[in-house]
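Shared between the two complexes below is chain A, which pairs with chain B and chain C, respectively.
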Partner chain A sequence: MGLTYQSTGKLANREAFDVPVSANEPVIALAGNPNTGKSTVFNALTGLRQHTGNWPGKTVLQTKGIFIHEGQQYTLVDLPGTYSLLANSVDEQVARDFICFAKPDATIVVVDATCLERNLNLALQVMEITEQVVLCVNLIDEARRRKLNIDTGALTRALGIPVVATAARSKEGLPQLLESTAKVVWKKIKPRPNLVQYIPEVEAAVSLLEPKVKALLGNDINPRWISLRLLDGDITLIKALEKFYGQQKVKSVREVFA
Partner chain B sequence: MSLPSSLGQLVEEAQRLSGPLQNTIRDSIVNSIYTTAESIAAGAVTTGDPERTDWDRKIDNILTSPVWGFPIMLGLLVLVFWVTITGANIPSAMLAEGLFWIEARLTDFFMAVNAPAWLHGFLVLGVYRSLAWVVSVMLPPMAIFFPMFTLLEDSGYLPRVAFNLDRFFKKAGAHGKQALTMSMGFGCNAAGIIACRVIDSPRERLIATLTNVFVPCNGRFPTLIALAMIFVGGSVALSLAGAVATLAVAGLVVLGIAITLFVSWLLSKTLLKGTPSSFTLELPPYRRPQIAQVILRSMLDRTIFVLTRAMIIAAPAGGIIWILANTHIGDTSILAALAGWLDPFAQHMGLDGFILTAFILGLPANEIVLPILIMSYVSGGAMMELDSLAALRQLLVDQHGWTWLTALCTMIFILCHWPCGTTLFTIQKEQHRWRWTLLAVAIPTAMGIILCITVNYLAQGLGLI
Partner chain C sequence: MYGSTTLNSAPVGSFVLVKEVNAEGLTRRRLLDLGLVPGTRVEVIRRSPVGDPIAFNIRGAVIALRQEESSKVTVIDS
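The block that comes next holds the complex of A and B.
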């Protein structure tokens, strides 16, 4: 039968990011702050099967590679290292747009075990866009050396997503990372992220805006997250929405605002 | 009704809803995310040794302090150059001796098989000799300098340098991240220019691109160090030689940074007006560098890489220079004719025609400027055995009348002249405008010419020479 309209429609945006469109070739995004050893994780997973170029239309380096896990090929895309997804810079826009519009089958967020409290900001923001998230607590060897004890079980419970501790330099924990990621890709684990709760005024505004967003844009992109961005006036996201959804959504518009 | 306007309506709705919160909503959202992250982290991390974690902050307070930051930076700079210069002297001399012993044997071989003189000239005096010079002059300083530089990089010190320099770039109307791209320029200007992508504002990125060449790269450091070793150091008592040479190179680097700031300021006040944008610079934690890996990586990635590239370019260049030096039109060689034509102008700059010719022919790569110069001095002229740095000094001083002023002007011009071919190609690819590439040639070249002429006439006028 090939691909249904539904599946091509959902994944069609991936074409704009120069990554495989077929549902049989899962795409995994690698996000993380700078200096978390994200590139070491990327190199350890893909080895020499890498390809570098530019993000389409941007002077930002795009690195992607492939790896094979239990006979299945995966494409791994190394997102620019960023501290947030609030679109303060081109790097952050690129990372946000990829997670938001290319809809990777899973997103691995690499965090530095030695400064979790700062790094978790990014993880929390990614979790607002997609449920398909795995947290990779890297540099665990460094944390051990500094006598920091990281309770991954507590992290899993607090975040609601799979958490794996790794030391990419010595390849420690990488098999477990692949295992968890594959399970998330094939829906054998269904992460239920615990989302950030905002102050009551913000939550009230979100609950009023969210249904309208859902009616206009559907459930493809997390309506709660879009509502939040609209509320904080993120112009770059509005432009990106126009670019990616301009044609498809003209009809449903009338239904909402008639 | 079309989508933009309906999205527009959604935006209007959002604005209406956020109305009462207007100015505080973004801060409030960010704040909620931060506090959530903090409380989750607090629940998952326990520390066995609370004393240790504060170490980074204590070190940072010293290394980035307004009082100690700069002296420590300069001190480290001088230390790195001093170790390089004093350490490279002996292996350099030994390598030169060994390689020129091989040259003599090669010559013996060519004589024995009765090879024609031009073949021996082209292959041995041209190709082999320039290769030997590239290896013996460049390899030892690189093998010492790069591992030390990588060590500083790996330990996390370089971002602190960027932090220290940030306010100067701000004052110059440029982006603070330019301190980072400048630091990368010490490795390779082409790499530094690609690194300029981290700067978002096109105006500030262009400033960083156009001024990157003012810090000496891998290809120019060994030449600077070699000249300092055989020349500036050689002109004073032997015990002081290393120290004086070190200060000369360190002084040039500081001059390069000063010129970078000055030109950035000039550009942001004239051609590229605007206000600097702000940014967050995270100081990564200090990490104990993996020493073995640092040495291996700096050897493979930098030393061998730069040396191989230099040799690949130097080999044919050496041959071509030999041909230029030995092809005669009338009774002068092509090279001598070119040098003679450039000589009057070069004299104003405190150089001579051969030096300027070497810079022009060295466009493909800065590594080969010195080999070309030696080649053009030696070939065709009196044949001499160049088996040590002392012999090189003899060649420059006794046979071609170099003074300390010639060496100084040459070093200044090494610091300020057109970027190498690779760098120009990169600028063109990144900026897509010929005018910027041309400007990238014009600015440093003009700067170098002005500086050389000023220094030359100032020294002569003051009767220093």
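The block that comes next holds the complex of A and C.
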């Protein structure tokens, strides 16, 4: 099938996150802002009764469950709710490290349909790390009640990734969400995320850094994204790279940066 | 219409527009991620009993910020 892992490092890293490492057992991550109903989506898909509640840090530890879709078993990981993946807090670091290093076969970004503008920031950040993204526009029932009409077709075109509207509480849209996610996992749909283009100065710096990062780490982790974080001076990412790739390689990354 | 002030000194119940985020590094990134980009309309919802933190409605989410963060955001009357 489409899941050929050229790099052994990719799967080895999954072990550290306690999720299946075999290509036949796809891993799917659930990311999203706080209060978008991520845990409700998680429970609806896995049939688990993980506690849902409204307070910060509810899902600090990643929770995982399994579901079966068309005879295939998938592992679903519920990441902490965050506004960003830039590792300002432990929650954000957990979410970022999982997407970046465990490299899920697909990441579902759950967004609040009544509050799209605020939520799409995270979606864009996830899209910068991985192409394997599905957007789940949740709370669509609430949006309808507020007379908000979400044009999922326009969102798909603008973002370049599959978009599914759901109301997880009533299970509306969940079959379509599973369908799109499975297609992304098995490469039957190849999302082409429209990435943010930065100001010319930043893009120029990225184009200098990117080939060097690529030479060191390969395409294992998106070199453009790593370059952007290096330009940010993101120390937490360098530390995480050291943890997953060994100090020697990262020393070279640091040298490239210097 | 008065001139610019910082987010922490805007009165409860008022609406302001973000003019500038005067922070660097992680704090800047965090404020931007929360939606405090120039031009954003923010409502000052309430102040905690000791005056810090203050709750704001930022792009549809209520978010409480401490003085050390909210004082870095320059705003104008909306």
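Operating definition for what follows: the second predicted complex is superposed on the first by the 225 of 258 C-alpha atoms of A that agree within 3 Å, B and C clash if a C-alpha of one lies under 4 Å from a C-alpha of the other, contacts with A are read in each partner's own complex, and residues count from 1 in each chain.
Methods note: contacts are C-beta pairs under 8 Å (C-beta built on N, C-alpha and C of every residue); 3 or more make two chains touch, one makes a residue touch a chain.
What you are looking at is a predicted structure, and each value in this text was computed from that prediction instead of being measured.
In the superposed model, A:Asp151 makes contact with chain B only, not with chain C.
Contacts of A:Pro200 after superposition on the shared chain: neither chain B nor chain C is touched.
For chain A, the partner with contacts to more residues, out of chain B and chain C, is B.
Of the two partner chains placed by the overlay, chain B and chain C both lie in contact with A:Arg118. After overlaying the two complexes on the shared chain, residue contacts for A:Asp232 are found with chain B and with chain C alike.
Using the contact criterion defined above for the overlaid structures, shared-chain residue A:Gly71 touches neither chain B nor chain C, since it reaches no partner.
Across the two superposed structures, the residue set of chain A contacted by chain B and also by chain C is 33, 35, 83-84, 86, 112, 114-115, 117-118, 121, 232-233. Chain contact summary for the complex, chain A toward chain C: residues 33, 35, 83-84, 86, 88, 112, 114-115, 117-118, 121, 232-233.
Listing the residues of chain C that touch chain A in their complex gives 25-26, 29-30, 33-35, 58-61. Put simply, chain B touches chain A in their complex at residues 1-4, 6-7, 9-11, 13-15, 17-18, 20-21, 25-26, 28-30, 32-34, 36-38, 40-49, 52-53, 197-198, 200, 280, 282, 284-285, 287, 430. Of all the residues in chain A, the ones that touch chain B in their complex are 33-35, 59-61, 83-84, 86, 89-91, 112, 114-121, 123-125, 142, 146-152, 154-155, 158-159, 196-199, 201-202, 205, 208-209, 212-213, 216, 227-228, 230-233, 238, 241-242, 245-246, 249-250, 253-254, 256-257.
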